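In the two complexes below, chain A is the common chain; its partner is chain B in one and chain C in the other.
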Partner chain A sequence: MNAGHIEYALYRILAYCNQPSANEFTATARHPAQTIGGRNMSPHQSDLVDRAIADNIALDGAALPILHAIQDRIGHVPAAAVPKIAHALNLSRAEVHGVISFYHHFRTEPRGRHLLQVCRAEACQAMGGERLAKQVTDQLGIEFHHTTPDGAVTLEAVYCLGNCACAPAMLLDGEPHGRLDAATVEALLAEARA
Partner chain B sequence: MTQIIPTIRWKDLGTPARVSEREVTLEIDGMSVTVAEGSSVLRAAAEAGISIPKLCATDSLEAFGSCRLCVVEIEGRKGYPASCTTPVLEGMVVNTQSNKLADLRRGVMELYISDHPLDCLTCSANGNCELQDMAGVVGLREVRYGYDGENHLKAEKDTSNPYFTFDPAKCIVCSRCVRACEETQGTFALTIDGRGFASMVSASQNESFMDSECVSCGACVQACPTATLMEKSVIEKGQAEHAVVTTCAYCGVGCSFRAEMKGNEVVRMVPNKDGHANHGHSCVKGRFAFGYATHKDRITKPMIRHSIRDAWQEVSWEQAIGHAASEFKRIQAQHGRDSVGGITSSRCTNEETYLVQKLVRAAFGNNNVDTCARVCHSPTGYGLKATLGESSGTQTFDSVMKADVIVVIGANPTDGHPVFASSMKRRLRQGAKLIVVDPRSIDLVRSAHVQADHHLKLRPGTNVAVVNAMAHTIVTEGLANDAFVAERCDIKAFAKWKAFIAEARNSPETLEAITGVPAAEMRAAARLYATGGNAAIYYGLGVTEHSQGSTMVIGIANLAMLTGNIGREGVGVNPLRGQNNVQGACDMGSFPHELPGYRHVSDAATRELFGKTWGVTIDSEPGLRIPNMLDAALDGSFRGIYIQGEDIAQSDPDTQHVTAALEAMECVVVQDLFLNETAKFAHVFLPGSSFLEKSGTFTNAERRISPVRKVMPALGGKEDWEVTVMLSEALGYPMAYKHPSEIMDEIARLTPTFKGVSFDKLDRLGSIQWPCNDEAPEGTSTMHVGEFVRGKGLFVITEYVPTAERTSRKYPLILTTGRILSQYNVGAQTRRTENSLWHSEDRVEIHPSDAELRGIKDGDWAGIRSRAGETVLRALITERVQPGVVYTTFHFPESGANVITTDNSDWATNCPEFKVTAVQVEPVTQPSEWQKRFHDFSNQQLGLLEHREPAKA
Partner chain C sequence: MSTKLFVPRDSSALSVGAEAVANAIALEAARRGEAVTIVRNGSRGMMWLEPLVEVETGDGRVGYGPVAPADVPGLFNAGFLSGGAHRLAIGQVEQHPYLAQQDRLCFARMGITDPLSLDDYRAHGGLKGLQRALSASGADAVAMVTASGLRGRGGAAFPTGIKWKTVLDTAADQKYIVCNADEGDSGTFSDRMTMEGDPFVLIEGMAIAGVVTGATRGFIYNRSEYPHAERALIAAIASAYAAGILGANVLGSGKRFDLEVRRGAGAYICGEETSLLESLEGKRGTVRFKPPVPAVSGLFGKPTVVNNVITFSSITIIFERGADFYRDYGMGRSRGTLPIQLAGNIKRGGLVEKAFGVTLRELLYDYGGGSATGRPIRAVQVGGPLGAYVPASQFDTPLDYEAFATMGAMVGHGGIVVFDDTVDMAHMARYAMEFCAIESCGKCTPCRIGSTRGVETIDKIIAGRERGAQTKLLEDLCETMLHGSLCALGGMTPFPVLSALKHFPEDFGLDRAGIAAAA
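The block that comes next holds the complex of A and B.
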């Protein structure tokens, strides 16, 4: 039943490749560009979004590069960025939302000060990754794809870091850590929450 | 004559039809089947009468292949391909039933049902649910997974849309709604949020439907196979028991609908898949906004009063008609034959309109008849008749699917003609180029998957300069279709016109200062129009409602002839008519100078033809137009009027002038559904009947005559045509019609372009595009093929003359007007529906720089003052309008948009210059003087209505 959905997402991504680049950028339409459901962006974030769009709009299939750029620069893709992206790419807000929600990589809420990405793919599982994952959720007191209440750590699952030789593995703020055991993990988490 | 169909389901062939010259023969379940190349196996089977189970497939949408219910076995192929996404091949051998397929399908259904409520008996889709049907078809007997696993059954229902609900608990995520929003409507407001088990339908960014980009066209509701998207009226009333095919009474697209009924009550309106204008699509007005027909404000008893200061008195039909007739006779006796007249309505049927003009010409004995087309498309009639020879659009709506370049001038199809806009957008997504000529950035300029190649953002009032600059470019750059012009057009007139247009004063460079359109952009647009393949022009009231409205229509026709873009599919000159029956009202002789079929009253032969049939002598002098009637009322020579289904006190320019004229009359007879603004000045009120309460025909913008069928008795007891017959008889001119079909038979006898039209033929064909005669017994889809109706196409010189309405220091801004999707015209109908949730007041759009200069913030009260009057609206600050231009709609009477508009009008037809009024806008704190007076008067009149005296028994 999911085959269709995946096909559909692929079809959309392919469709973006054929998008003409925008040649005019005027504020539009029914929704004021910066406010959706009362969720605002700061002027600085709004600028970052504009720049992320401008930097990538000329690419074929600009949607994903724009989303990556926004997440890289702001930390997440704010809902209020969606109308801007939609307008620039000549898409509806719904379509952009569909792409963002399809990929677990894209966050729509601000992330914690630290980002912990635990590999849950086969090789790490074989090397005790699941036990490690449980340790992480227990110690942080949150589920995957959540942020600790103190805003310190956002926990995400990833499926293979290409670091299988050093399984079980994870990334903390982009830094790889391998051959993990309970003690190392505990120390890493304690440091992150300090 | 009403064709009742039981509410059997639409036959759904699973995937859309394919058009191909090549046919493919294959074998399905041992049966040889031949279909067009490119068809799906699912469709081939359905065409042969073999149903393959399916859920995500429906023939209005491209195949998707997600539900896996339509799997089949194909000899020589591995696995079980989905028949919806598998195209037929020559010699293919397909099995649709086997034990293995049955197992697979049952397995799929089991999964679906494991996450679906088991409340069929109390479900609103009960009896009309594809999921329920498929469970039956595949023989589902148990769900081995149980119902306790993770599921969506607690998902919250979205009831924000006033007309339908979205219940995600019942959703099977087939994506039919998402695809309908994209493919059918072209809005792309829906998506699938998330993936895998978490997949769910989301409106925009997980918002309620009301807050999302949804335009409430109903395409998703129509496409939904379950009760997930369901009309609230069906939830409330249950499934219908019969249906009647009829025609929508809103805009000039003229969509065909099935009115689904329970007895005399409409349960829902469903767009007709077989409808020739709409092919199963609809908009928020036609699909949902029919509640006005049974609104409590409907007046169902005739009323009279002696003065407009008196309370109304309810009387019998005979008394009301008798009173009106005696007043008209008295006035004519005292003030002459020409002191009375009538106004026909573009909202009424052809038959009713024909009768009103017949009453005026035969019973009143003058030609004082006019119609609301005066204030919208009268320049179209004039301009197209002069150049091409027929007062009508040249194409079908479907023709747009063959256009390579689409030009939209002074029209806002996504709001004004939404169903046609959806076809246009589909064609644009297929790659057609788009030129928009409009002072405002309408949605077509840039919205999801639509991007105008050129937006000529002209200054209001400079249309003719733009069309001249385009023609100049085409002529001087050698892009004209000389062969077409030489063969099809009047060469002498062309030579004169060519010399004129080639003059440097018509160049884009010279005119740039006037139009505000950069010369390079103008030239590029002209080149695209002339060389981009099939080029079609669509235009609206932004063309006609100007002092040079007729000139602009002529300029458009010149452009089409110059490039040979006329006389075949994919091209042409297409006026988008505002109201359902503007074309028909014009066809039926509603103008004071023309008898039905656009034949001038000065033509003795035509007068003789009608005079003999009607048994009267027809006046050879044209009668008064609406503005002339109003002027004559003020000077005392015009004292009585019969107005059917029109609201001149709101829709016509310079409201204070209109109301003063109405007040000056001695007998104002209004026939309408509601006590509209004009009726507040009336002495006789005759209850009108809605389109659901009568039979007849409407003619849409593509000359398509479609049947209107009575689905419920007239609330006031009489259909509109019956009332006119009664009035005529009381005036001493009896009309012997027993049914509207007999009126159409008379029209057909007297009008060459309608010669072959009859109700029987309409029942048979569904609809007919005129001309329908011996040469074209089933009607004519494309006009001017091979030869123009007038013989040779005539180029007419279009000198640009600026309007007298100019900006000054006192009135520095230009006001232009338009309409919005959810409201319709004067709003008498849509304001009495939930459509007001989208648009509850008219606002004045103003550019941020103009607003800042005046200290106006978004939502502030803004006073708009013109040379004619003043009104106050709340400001909407937007870059849609350009600096120097403000814009508003006119759907609410208290807005007084027409208090500001002036009595300037088109030089040829008196069509008002609604689109250009010089104004000043200032922040204010209270309503204008006019609005206060309006408020008081309106309340007083509503009081007089409320305290009406009941009829004496």
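The block that comes next holds the complex of A and C.
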């Protein structure tokens, strides 16, 4: 039995007890090597996860609604939320992880203050979308699916926003922008980083 | 008296500043002491004119577009509130040739009404179809769907009547109606426009499907990329419940139909119906083996109607106007109308609902006005990322499921993405394989591995390494994917690849005979 097994057993036992304080315990630095990245949740985040689960657990096929509710409220799905979700849905952690990792939309790392989703599909390509994508990565200094070091912008690729007659297009924090050119993109990015 | 103005709330209009324009109009009107009522309508679908501001005058609705916030004071100076002349004026909107020549059935209300006003919806013919469905027997109603000739508008073109009959005839304690609103094909936006611009037509179509087949619960699986559509649907469903259109007693009939919206999570494969059902059940969106078909064993193992947004909209029209009315549009075995989407490098992009039989050339030049860049149109991709690239020599093909199948292409969901002569078709073929690799659910090997090998092989062809042998290999690989894949993702990715290779070999460094050109 290694640390991972012990941690797993703890998750199961403590999740079963379903005590907020117990969940805090699993998120403390008992196993320092495993607390890097999204493994820690603040008490506030832990509450948000509990509420996201409670709000959606009665739905048939509740997994996606729960994951969306968590990501909408926290910005990503923290690894420490996985055992809670697994317990609530009577699934293994592996199954929940499998669902999260299947969908491009779900993030397991915290996102930046702004979320920029650039369409890279055909209609936008036909209107210079790839040139624009290059401009975005150059100007932000990051690749797709990364966050700027200052924490301002997370950049994601999406495949079609349904704005194909006003291409090229992107979403900034959920709001659509179309008929983009170099100048408008530069202004949008500058605003997001300000 | 207050002047009524219309500024669209459609995402495309918002993406080019409709919100700022609406605010600027409200501010300027207040400043000048003019009484205006601003209705946030859906889009008319003339996307190059967005934001298109309409003014209700004694001579009908007069349009101005595309309007920028800075144009607003000038519009007031020109007397646009009474239809005054201005450089952005397009005259009476409904007389615009782009709209006047369309066959708008599913999109009859689009841009005209307030999308979230049930009164508007009723005043424009809404709910007549549902009333008719409630007064007919299930068998008669299904016969009507069959008689209309309607085929699934999501892309597969399966006869809707057959699907519904299967669900009707399969006994079960619970049946479901699922709307596939996972409109992931690039170049398509008719589902999004409907959900944002006339959500009740979809809700009514689903309620009809429910009462006809005996299903009491419905789900709309909408994309996470469509946040505005989600908000519109949630608001419209709440109104429909409040008005007794949904719930325990649909229009006082004693029949129940409950409806909710679910959000996808950025997986293209979930547009495939069985993946969508897996996703709705809270699982990874992997493709199921068929049979059993969803009509027999679908959501949670129960008989399920899975149809596209436009299929349900068409159902509403068929029940409102009759099967004969609908069937009289179209050609051959493609009956009715298709909301076609002109996208990409096109001067007048937007939504054109026409009876089947309209040619690509009419769409691209008469409606579309040629490319946006003014350069020659070299290729169009019809039917999304899995659709073939069609060269200019085939632009006289009529939009018809069979005519397109004959030339190795597909109508699909009716999206047309236009490319001018600067396009590199080898790059587009590579992208088709790359997209398949990104979006493959991983269940079957031809799709999961084949797409990655496809990218590598096209890279070798582009780099000029054993071009002839690699081309042969690519063709073999496409053959394997075509016949060996579990669903249309792997099974149709070869269409754009092979059509690019066939029609544009020079972009791959090959001569017309497909033999490697001398290095």
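Here, the second predicted complex is superposed on the first by the 156 of 194 C-alpha atoms of A that agree within 3 Å, B and C clash if a C-alpha of one lies under 4 Å from a C-alpha of the other, contacts with A are read in each partner's own complex, and residues count from 1 in each chain.
We take it that a residue touches a chain if its C-beta (ideal position, glycine included) is under 8 Å from a C-beta of that chain, and two chains touch if they have at least 3 such contacts.
Note that the structure is predicted; figures quoted are calculated from it, not measured.
Colleague: Output check: A:Leu64 vs chain B and chain C. Expected answer is one of first, second, both, neither. What do you get?
Modeller: In the superposed model, A:Leu64 contacts chain C only, not chain B.
Colleague: Touching A:Gly178 in the superposition: chain B (first), chain C (second), both, neither?
Modeller: second
Colleague: If we overlay the two complexes on their shared chain A, which of chain B and chain C does A:Val158 touch? Say first, second, both or neither.
Modeller: Only chain C is touched by A:Val158; chain B is not.
Colleague: So, A:Ala79: does it touch chain B (first), chain C (second), both, or neither?
Modeller: It touches chain B, and chain C stays clear.
Colleague: Just checking: does A:Ile142 make contact with chain B only, chain C only, both, or neither of them? Give me first, second, both or neither.
Modeller: Neither chain B nor chain C is touched by A:Ile142.
Colleague: State whether chain B or chain C is in contact with more residues of chain A in the superposed arrangement.
Modeller: Ranking chain B and chain C by residues of chain A touched puts C first.
Colleague: Does chain B (first) or chain C (second) touch A:Asn90, or do both, or does neither?
Modeller: A:Asn90 contacts chain B only, not chain C.
Colleague: Answer with first, second, both or neither: which of chain B and chain C does A:Gly98 touch in the superposed model?
Modeller: A:Gly98: touches chain B and chain C.
Colleague: What is the shared patch of chain A, the residues that chain B and chain C both contact?
Modeller: Correct list for chain A: 98, 102.
Colleague: Spell out the residues on chain A that touch chain C in their complex, using ranges where they run on.
Modeller: So the residues of chain A in touch with chain C come to 60-65, 67-68, 89, 98-99, 102-106, 117, 121-127, 158-167, 169, 171, 174-179.
Colleague: Show me the residue ranges of chain A that touch chain B in the complex, using the header's touch definition.
Modeller: It comes out as residues 1-9, 20, 24, 26-31, 36-37, 79, 82, 86-87, 90-95, 97-98, 101-102.
Colleague: Write out the stretch or stretches of chain C touching chain A in their complex.
Modeller: My answer: residues 11-12, 14-16, 47-48, 50, 183-189, 191-192, 223-228, 262-268, 279-286, 300, 341-346, 349-351, 372, 381, 385, 415, 417-420, 423, 428, 431, 435, 438-439, 441.
Colleague: Which residues of chain B touch chain A in their complex?
Modeller: Interface residues on the chain B side: 56, 64-68, 108, 111-112, 173, 175, 181, 187-196, 199, 202-207, 211-213, 441, 443, 446-451, 879-880.
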